[in-house]
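Both of the next two complexes hold chain A, though its partner changes from chain B to chain C.
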Partner chain A sequence: MKFSINKSPKEIAGYTNWQKKLILMILGGSLGILGVSLICLNFGVVSIHPKEIFSLIWNSSLDKTNSLIVWQLRAPRIIMATLTGIALATVGGAFQGILRNPLADPYILGVSAGAALGACIGIALQYATGYYLASYLPLFAFLGAMLSLYLVYLSSKISYSVNSTGLLLAGVAINFLFSALITVLLALSKRELHSMIFWLMGDLSTADWKKISLITLPVIIGCLLLFFSSLDLNALSLGEEEALHLGVNTGKLRMRIFFIGSIIIATVVSFTGLIGFVGLIIPHIARLLIGPDHRVMLPASALLGAIFLILCDTLARMVISPSEIPIGAITALVGAPMFIYLLRRK
Partner chain B sequence: MSFHSPILTIKGVSFSYNHHREILSDINFSLSRGELLGIIGPNGSGKTTLLKVISGILKPSKGSILLLNQDLNNFSIEKIAKFISVVPQDTWVAFNFKAKEVVFMGRLPYISRLKGETLEDYRISREAMKKTHSLSLSENNIQEISGGERQRIFMAKALAQTPQLLLLDEFTSHLDLKYKYEMLNLLKKALQEEGLTIISIFHDLNLASIASDRLILLNEGRIEQIGTPQEVLNSENLQKVYGVKPILINHPDLNVPQVIM
Partner chain C sequence: MRIFKKSILVFALLFVLSFSPLFSLADSVNYPLSIIDNTGTIVNILQEPQRIISTSPENTEILFALGLKDKIVGITNYCNFPEETKNIEKIGEMSPLNLEKIVSLKPDFILAYAGFQLQEIPRLRKLGFNVLVIEPLTIKETLKSIKMVATVCGIPEKGNILLEDLSQRVDKIKTEVSKLAISNRPKVFIGGTYETIYTPGEGTLFNELITLSGGENIAASLPGWVKISPEFVAEAEPEIIIIPIGAMNPGEESKVKENISNRPGWSNIPAIKTQSIFIVNEDLFYRAGPRLVDGLELLYEIFHK
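So, the complex of A and B:
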């Protein structure tokens, strides 16, 4: 008798215990991130024996140069890739949820175009004025992102439609406007063209501990806040009115997710540039693997996004080393075939 | 007549989008507990709008709605969700949830976002599926079942919400004869045993006549007549509102009017 009471009561009614699923998944995913990180730490222009890397992790005073390579170059990039992957995939999943559109990605609501315009203006100013502005580029990008966030918010308020279409159209419109301005800047640019294009395609090579310390809190707290809206996002999948009937204030929910998501993306993108594809495809893969329930789908996206981006960044460093391919190109080149394979298998 | 206070009172309600033409004009009626009120009327007569005004999705431009003698404006949508549930006419789910997960969403108004659901929420969801004969669908993906099956799942979801007032918009449109019959029995039982109150839109006048205690006949946003099916379904009303002259006969068993073309 005692045994039957202890037998996980939440499974009796035919409903699986999602908390158990979540905990197992987080454990597995974290181990996965750790494992992939340790492996990727071994790849780079300078070959360092895995044994040495392992001992450098515990004791960095063994070899100055190699310690510098591991601790100041490779490790920050891996951690930056982890945080960026978590941010892009989680926000992508949440935006797909509020827009009820599986084609949405973290960049669709305009914030990235604002960041890109800000960064390009910064780059153009640097060449025009001769001042060295490279270290201020994230600030330019962040200000641009905040400007676009504000403009999208204003236009979605003016828009007649109160449902998700209003927000989506506002985002797309601001995206086009800012992209056009970027095109003008690119057309006018000469020497600075290369830096601009590299920024636009995303780049983790400038990762360092200071940048990591700046983005960690916004990403972690922001994603946790998004996770707490999971049940409401589930309700919204049934439709705008259905969610209202279930007591979900859809207008507030949409604005909350839009603001939190945009601030996460603005923070990350300001340092990394526009890394595409991750935020679009990883939530899909998560849904294929564990179903659409946002309570497990969003954390799964975060974990998969991190692993995916660590691997892609390692490839970006390795393929034509010592040069680098922009990581945005790698994410699409690797991700698209993988995604098509998963779709077919399903 | 019972002395129960009405569960819902609609007083002089009008509705228009941005001061354009009124879609609903001066609607008045009240509803007692355990009653099934049918709404009939031609296309564009304001049936669905009336349902949306009652469920709090649209705010009336004039008049007031009292739910359990309190103005609906005083209820937050979170609170309304504990009293009223709705089965929509058409359902499209953005992501491919399992049917049982959709039914479980009916429990959302009761689930604390921090503490999560309880075993009771699962039990109620399962009970609702049992009642709507949809338990066998529980593991199926919602995007991959038929329209009628989806309607049963959404009915189960609405029941899992344990409402006092259930609003149905054409809930039988995709159901075959067997499930129409079973759903009607289910609703009759819920009305009598659980004190549920129902407002339902019908396109099928004969079904409306069989199922409803009272009928509202809407015409161009106004109530043409409200009363028992015998009172409302007469050839004069039907000719005025629908513009056709049907033949009315009496149902041999149930003694309610039936319309034949």
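So, the complex of A and C:
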């Protein structure tokens, strides 16, 4: 144990100089995202010379096929991965904060199960009624997510437990309920089984500019709102009572973050399906790298989540190209060893 | 007398039709051409397709049977028939489709499949591709889609020849079967290589093939592909068991037979007592392409020879 006498407990826990840290990190992180994006833009089943890609960025009318590949397929996918990574990691971090539970992830409060059920119902209806419902699938997922959000809210309100356990258990219960309904749907399904399973595994290959335009605002505004709750989350991390003594209305805080987080996740998941692991592990990695102060940890999670998901998606489409590995598998395969390595080093 | 009147009417109709462009057996198709595909979408084909991508094995088989192999620029990983498919560029999975690969092959026509690919169709169309979706659910519809593909690809006469041949073979089996007494139709169970049993019921191509070839499917009254219990099979007492193997039902012939014979509670099933267990290539029955007729003939052989 090497405790320097000069350091205050705050310093040791990493709560000082947070503004400087935040600015440096946002600068570094943004540059990181930009760099990784530009590099990943070069990877795909079709090899296009980096020089050509660079010129296509400025002038998309050079080569029709290649500009279609770069602008309509690769770029939207990378931006979708960025936004999804930001959303999952930030909400994961915030949920770990309000539930005071290191195993919490964005999906633990039921919203994903609702979205999944909605999507599976959408897929089933689509096969029953024909081709035209195909583009409304995200709407079904979003409605499902809102339904589960409402149910979790209701059940947590009538719960005997006043602290985070009530919300957590309500979320887990709704998760189980909706998963059971999904299982029933899967068992009854025929042709649509494949589509349902792929939706459940998560997929960024369907990204396009319209989807990006729909999720950008909810993700950015939602995540900013979560960042602004950082101080309250810091207080809550000391303990329920301590936070109350510091003037934080923990019940309200929990509900606020639950709602904001769930809406962000509902929006994203409606378009991407369930991409696992990012929301669980990235906040932990951010905490290991930069300390537990939510003011820095949440933005760090967002940036790391984005970089991580862009890289994972690139791997997903490259490893067994032209086939693709579901991205949810890659996030866990790459993320788990990385996380264990970081744990060991500390 | 009525037959005479009718036949005059038919001849008159044929005479009129033979002058109409619809009935013409001419070699050329007039582009642009509009056609309504199985998703109910009007597909406009501006000119004769030169670079075709097939997104399913059945579609690949149809294109090959029509002699279009030189125009195919991309097929899926699952397209394994005929042999020459080995030399054609692969686009990967059937779903999700690898759009980047598809774009890079610069197709001017994509022959897609509905089924579980339905989700992918709007994405392909959004990129501006000419996509014709076929999803035949019966033999008749299969023949119809073969004709549709032939027309779109500018070779209606080849389509007619293929169709003629296939229909004749189907009709031959139909005639043979119609001569059989009902009691001569064996009770048939279609199994698989997995422990959980999924079997084709009413409305599936497989069921249609069994009926047409003079068999009685034990699951004929159940809807679609259904999961059934081992008890159901034991009670139905099938006289013939057919096990399709291939990509979807992996297994070795001898092992599969042994496993089926040793399933608990099945020792009294007539097919197992007489060892009337037949292992067949699943591709002949699952793919709605020209080889369905091979499958039909194979079933007839098994049931009645």
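Heads up, the rule we're going with is that the second predicted complex is superposed on the first by the 328 of 346 C-alpha atoms of A that agree within 3 Å, B and C clash if a C-alpha of one lies under 4 Å from a C-alpha of the other, contacts with A are read in each partner's own complex, and residues count from 1 in each chain.
Everything below uses one rule, namely that a contact is a pair of C-beta atoms (placed from the backbone, for glycine too) under 8 Å apart; a residue touches a chain by one contact, two chains touch by 3 or more.
Keep in mind that this is a model prediction, so the values were computed, not measured.
Chemist: Does the superposition put A:284 against chain B (first), chain C (second), both, or neither?
Modeler: Neither partner.
Chemist: Which of the two partners, first being chain B and second being chain C, lies in contact with A:191: first, second, both, or neither?
Modeler: Second partner only.
Chemist: Scan A:211 for contacts with chain B and chain C and give back first, second, both or neither.
Modeler: Neither chain B nor chain C is touched by A:211.
Chemist: So, does A:323 touch the first partner chain B, the second partner chain C, both, or neither?
Modeler: second
Chemist: State the interface residues of chain A toward chain B in the complex, per the touch definition above.
Modeler: Residue positions touching the partner: 9-10, 12-15, 19, 100-102, 228, 231-232, 234-239, 241-242, 244-249, 287, 291-293.
Chemist: Residues of chain B touching chain A in their complex?
Modeler: So the residues of chain B touching chain A come out as 52, 55-57, 76-82, 84-86, 88, 91-98, 100-102, 104-106, 108-109, 111, 113-114, 116, 119, 122-123, 125-126, 138, 161.
Chemist: Looking at the complex, which residues from chain A come into contact with chain C?
Modeler: 44-46, 65, 68-69, 72-74, 123, 126-127, 130-131, 134-135, 137, 187, 190-195, 198, 203, 205-206, 208, 317, 321-324
Chemist: Touching residues of chain C toward chain A in the complex: what are they?
Modeler: 39-41, 77, 90-93, 95-96, 98-101, 103-104, 106, 114-116, 118-119, 121-123, 126-127, 224-225, 227
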